[in-house]
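In the two assemblies presented below, chain A is common to both, partnered first by chain B and then by chain C.
Entry: the complex of A and B
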């Protein structure tokens, strides 16, 4: 039996290979090595969520009617009997209540969308904190960043499709934000909504964007993202034998094909489980869109909360200073423009450009394939935590009414507190994180120089008590001493020996202050000399030979990094 | 209704006592028959027992003659039996401590005592009576009409299906998911605390019953599974991170660990 199967398989394979020469590609991919770490699978979560979105989305398009024509509801939901609503809303309710499996598909689609966005941020954080965005991966960071923005666009267009009160309120905010743009705003709003909000064309337009435009862009970007991963090869965590010139790992086939394939089903299972147990976006609770009502607890999905929160944080006045100005009969609504467009613009712009900002400070032109341990780049790690803190403050403010109600707080006081926290909390987070990173680095130094504490206290013949320390093994030492020790840049002086002013000095000054911000305060890795000295102090002369051997290991690992 | 309000607001001004009585009488006759029926169930004994209960439990704030004290407690003349049945029947009164709002707490009186208190307060001046069982029967209401009325009048504070929401300065619109139909009706009628009064010109008695039908419909639970508090996308987002990302990261660690 098995020979028959083998024969059939071989026949098919050679038939295909004879006509496509695909065998070479398969061999290439199958032998591609990947390093192993759980955090390398976070990006896969985003990819798999996207696959689930495509699968469930195909089901939903079969029943969704992207139309704003009004009809009278006649389906099985009692609270909607005889209610006038758009076909978009009616078809959403119908697919939830009258199509077998429809509600599960809707909920899987929506939970997968929340997870898609969350997984992207988690994956992005991993890339950030380990420095996987450094040369040559800056462009791929930008591709990933674009994917994050596209995911926001996909989420928001989809959230708005059912034409319910909740998402309609969100669109009204978008309308207001667009109109706050000087000069262009009202034209852009009229162009998007086909007239005054809400108009009658928006849902079909959003539908096209949601099922065609945005997913196509995401697919292209995902392809580019993965192609660049193959091109650059995967990064790896630091450790013995791992350098910027090799990849230590297992081949794609069979290990990672099995793991990644299995992992898809795990993600699928988690999404299906959550969707089967927990309700999400019950649009029949919110009702068909009507411009007049706004419910308590009106929020966007979590990934848009940064904008909602910023809008809620922004005061209309500070003292007697208004943020809404009028020039020659034109209104400039800075109270909307700043939180809804300028602040997210700066925030996301900073994220997009981060690899270059850090490269200016570091001044290192070499390729980096070994990841950083977050503690070894204290300023970057602290910046990352500060950014996350900033983001969380806006998310909390976006949820302010829910938080106030849940914890019996005053809504007003909570907003005042978070207004201050927006500026103060990231600074505190930065300082605290930096101290923690330095602390961990000092602990590493301590371990390398003096070894592990064993808890065994011995008394010497002279009556002296001391604790026995166990020296670290090679792998442990490699991890702790072998990292790039960045220092502030040396820049060429402003004037040369003839007293002539140098071009580009201002830019260099900027890079110098940036690199001082990053690297002026630092904990240096243990040098071979320090290691040797510590060994001499700690042990008797009889262990001399062993010490020399250890010192060789240290200098060898440091050398290999310099190459 | 309007006549009663004017009478109530005009109280601080000097008005002839006789005119008050005439207006009260007109208001009494102007109100619907059911209020007259409800009021007629009450005996003079009830009013007397209610007065004693009032003196012992309420008068320290509302005053011995229920005229209220400035900055402490409002006058109860003209609030009607419905207000008493709501405030005392949900445990909000007697108030335990001063704060932004009187919270729901265990009811302090028996049903009989509550009806005696209500009878006494109703005897002080005309006000809304306790609705009958038929008026609050969700079976007789239209949940779809109730949905639209709730959406327009109630959801901005109480949330889309009555899950509750925050107001300013620590006040809040409580969740209605566990509230008895009678108390929902009385709240609309009397406008307790921060809530506005929804009089009969605003929402008809049938409309109020439709709202009750809509809220009762929610007891059947969410069609999609656990409702996560029915407070909208915040709890959904929190859940996506906590359970979704949590389970998946646990899975990555598990799969990652197997390879070694």
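Entry: the complex of A and C
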């Protein structure tokens, strides 16, 4: 039996290889090594959510009617009988109520979209905090960044399709934002809606963008993203035997075929479970779009909250100073432009360019394949936490009515508070995070020099009490001493010996101040000399260290280091 | 800050003892798992994996049974039940395979890490040189910059015309495409609504006209023009024309200069479309006379010309001048004096046109 199977397999393989030379491909891929770490799954969650979106989305297109033609509902949901609605809305209701599993597909699609966006941001944070965007991965960071923007576009275009009251008001906000653009705004709005809001063409247009344009771009970008991951080979966390010149890990076949492949099914199962149990976007409770009603607590999907929150935060007036200006007979609506376009532009622009900004400060031209522990790059880590804090403030403001209602706060006071917090909280987060990172680095120093506290207190012959410390093993030490210790750049002075100004000095000055911002304040890693001294003269070194580490009873006996 | 240059101690360690750096201990030793050393544990792991695959099979059965037994009768309960059983079935069918495969990998597949060399990504100098040479050869073959007829043929004309053609060719496609998508491009429509002199104010959505005597103090009416549904594009018209009609105690109402005859006995009408980004300003606080937009919380003071008292809006809500006709119905005196809804670049020019 098995010989028959083997023969069949060999025959097939040979047939395909004769015509495609797939053998070389398989040889290259099958045993490719991947490092193991739970945080490497975050990007997979995003990828698998996208696959689920494709699978469920194809089903939805079979029943959704992308049309704004108005009809009178006569379907199976009796509470809606006689209501005038668009065919888009009616088909959404019909696929939910008339098709077994139809609403499940809708809910899986919607939950997967929320997860897709969330996973991308969390994955991006992992890349940021571990420095996985450094050379040679800057381009892949940009590809990933583009994917994040495309995911937002996919989410928003899809959210708008059912043509319900909530999403219709969302589109109306988009209309208002577009109209605020100087000179072109009115025409951009007119172009998008094919006339005045809401018009009759928007849903078909959004539908094409949602099922063709955006997913095709995402597919291309995903292919490029994964191609570059394979080309660069995966990064690895620091540890014994791991360098910038090797990969330590397990083979794609069978280990990651099973782990990553299995993980796809887990993500699929979890999304199905959520969709089975938790209702999402029950549009029949909101009703079809009508320009007049709106419900309290209107909120977009969570990934749009940054823009919605910013729109809520921005005051139209500060005292007697207005943020809508009129000059030469034209109107400039800064109260809309700043939160909806300028602020997201700066926020996302900074993220897109971040790898280059840090490279200017570091001045390091080498390839980096070993990841950073976040504590070892305190300024980057602090910047990341500050950015996240900023993001969270806008998201909180985007839910301010719900928060105010839940905690019985004044909506206005909450907004005043968050207006201040938008500027203050990221600064506090930056400073606190930097201190915590330095603290962790000092803790690492202390551990390397003096070992783990054991809790065993011994009394020496002389009557002295001291705690026994257990030295770290070589792996533990290596992790804590072997990392790049960046220092501020040295730059060539502005004038040479002959007093001639050199070109490019201004740019170098900028890079110098950037690198000082990053690396001037730092905790040095333990040097071999310090380590030896701590070994030979535990007492002397430990007293010195005790002040450093800000601990009351850090002490180590020389005995504890004897092996 | 923490530069460790505590040199007082260095005298006690001979310089020759100090290595240049720490040594890499190499990849950590492989620690065998239970299933690697204990045949019982190995067998147990196999059973566990098989059990998870078994759960997946059961899940598929549940999903199929859930599908074929679902009986949708238009009630939310029937939909919920089908959703639950099919969904749970899919969840088990998928997660069973997933957890099984992962458990297999974690217990029985290789976990002894291997090492592979990396190579620098840049191409070798020879490859780069060869690539550049290929491009140069290609450029020469194209006839650009070749020496011919006793001079270098730079072919500026050729290059210039090609670049120009390529640069403007997209317009031939994009201009018709983009130009068609904007319909009639008549943005002056932003400035006009269905309201004209004598249009009755009617209840939204029924369209029944409102008598002044119906409007009691403290009440709010959501209003549309009585003739709204006669309009071909009534949704677009509704998106601009919706109005809130309120009645305050006449002594609470500070009538704005120039609008002395725009309201009637404490009855006053404002556009319902927020001047921020256009959401309906639907929430009315009777005690404070404040109108709140639920989208971004712009708050307008109805008693004082709907001026902005909080939030991101800058301009007051436009007021609709109203009167009472012979039969006691509330009617508009005219269209709004300014475009309703969010600001846009040409907004002021549209007001000037109105006056001209």
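The definition used in the following text is that the second predicted complex is superposed on the first by the 538 of 563 C-alpha atoms of A that agree within 3 Å, B and C clash if a C-alpha of one lies under 4 Å from a C-alpha of the other, contacts with A are read in each partner's own complex, and residues count from 1 in each chain.
Here is the rule we use: a residue touches a chain if its C-beta (ideal position, glycine included) is under 8 Å from a C-beta of that chain, and two chains touch if they have at least 3 such contacts.
Everything numeric in this text was worked out from a predicted model, so none of it was measured.
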item	value
Chain B versus chain C as contact partner of A:78, first or second or both or neither	both
Chain B versus chain C as contact partner of A:107, first or second or both or neither	both
Chain B versus chain C as contact partner of A:286, first or second or both or neither	first
Touched partner set for A:408, first chain B, second chain C, both or neither	first
Touching partner for A:326 - first (chain B), second (chain C), both, neither	second
Contacts of A:118 with chain B and chain C, given as first, second, both or neither	first
Contacts of A:295 with chain B and chain C, given as first, second, both or neither	both
Superposed model, chain A: greater residue contact from chain B or chain C	C
Partner chain in contact with A:264 - chain B first, chain C second, else both or neither	second
Partner chain(s) touched by A:166 [first = chain B, second = chain C, both, neither]	first
Footprint overlap on chain A, comparing chain B with chain C	36, 78, 96-97, 103, 107, 250, 255, 259, 262-263, 266-267, 270, 276-277, 290, 292-298, 400-401, 411-412
Touching residues (chain side chain B, partner chain A) in the complex	100, 142-144, 146-148, 151-152, 155-161, 163-170, 172-173, 214, 217, 222-228, 230-241, 243-245, 247-249, 251-253, 255-260
Residue numbers on chain A that touch chain B, as the complex places them	36-39, 41-42, 45, 78-83, 96-97, 103, 106-107, 110-111, 114-115, 118-119, 122, 165-166, 250, 255, 259, 262-263, 266-267, 270-271, 274, 276-282, 284-287, 290, 292-303, 305, 399-402, 404-405, 408-413
Touching residues on chain C, where the partner in the complex is chain A	1-4, 6, 9-10, 12-13, 17-22, 24-28, 67, 70, 72-74, 79, 82-84, 86-88, 90-102, 104-106, 109-111, 113-118, 120-121, 178, 181-185, 187, 189-190, 204-205, 222, 224, 233, 235-236, 238-240, 242, 272, 276-280, 282-283, 294-298, 308, 310-315, 341-349, 352
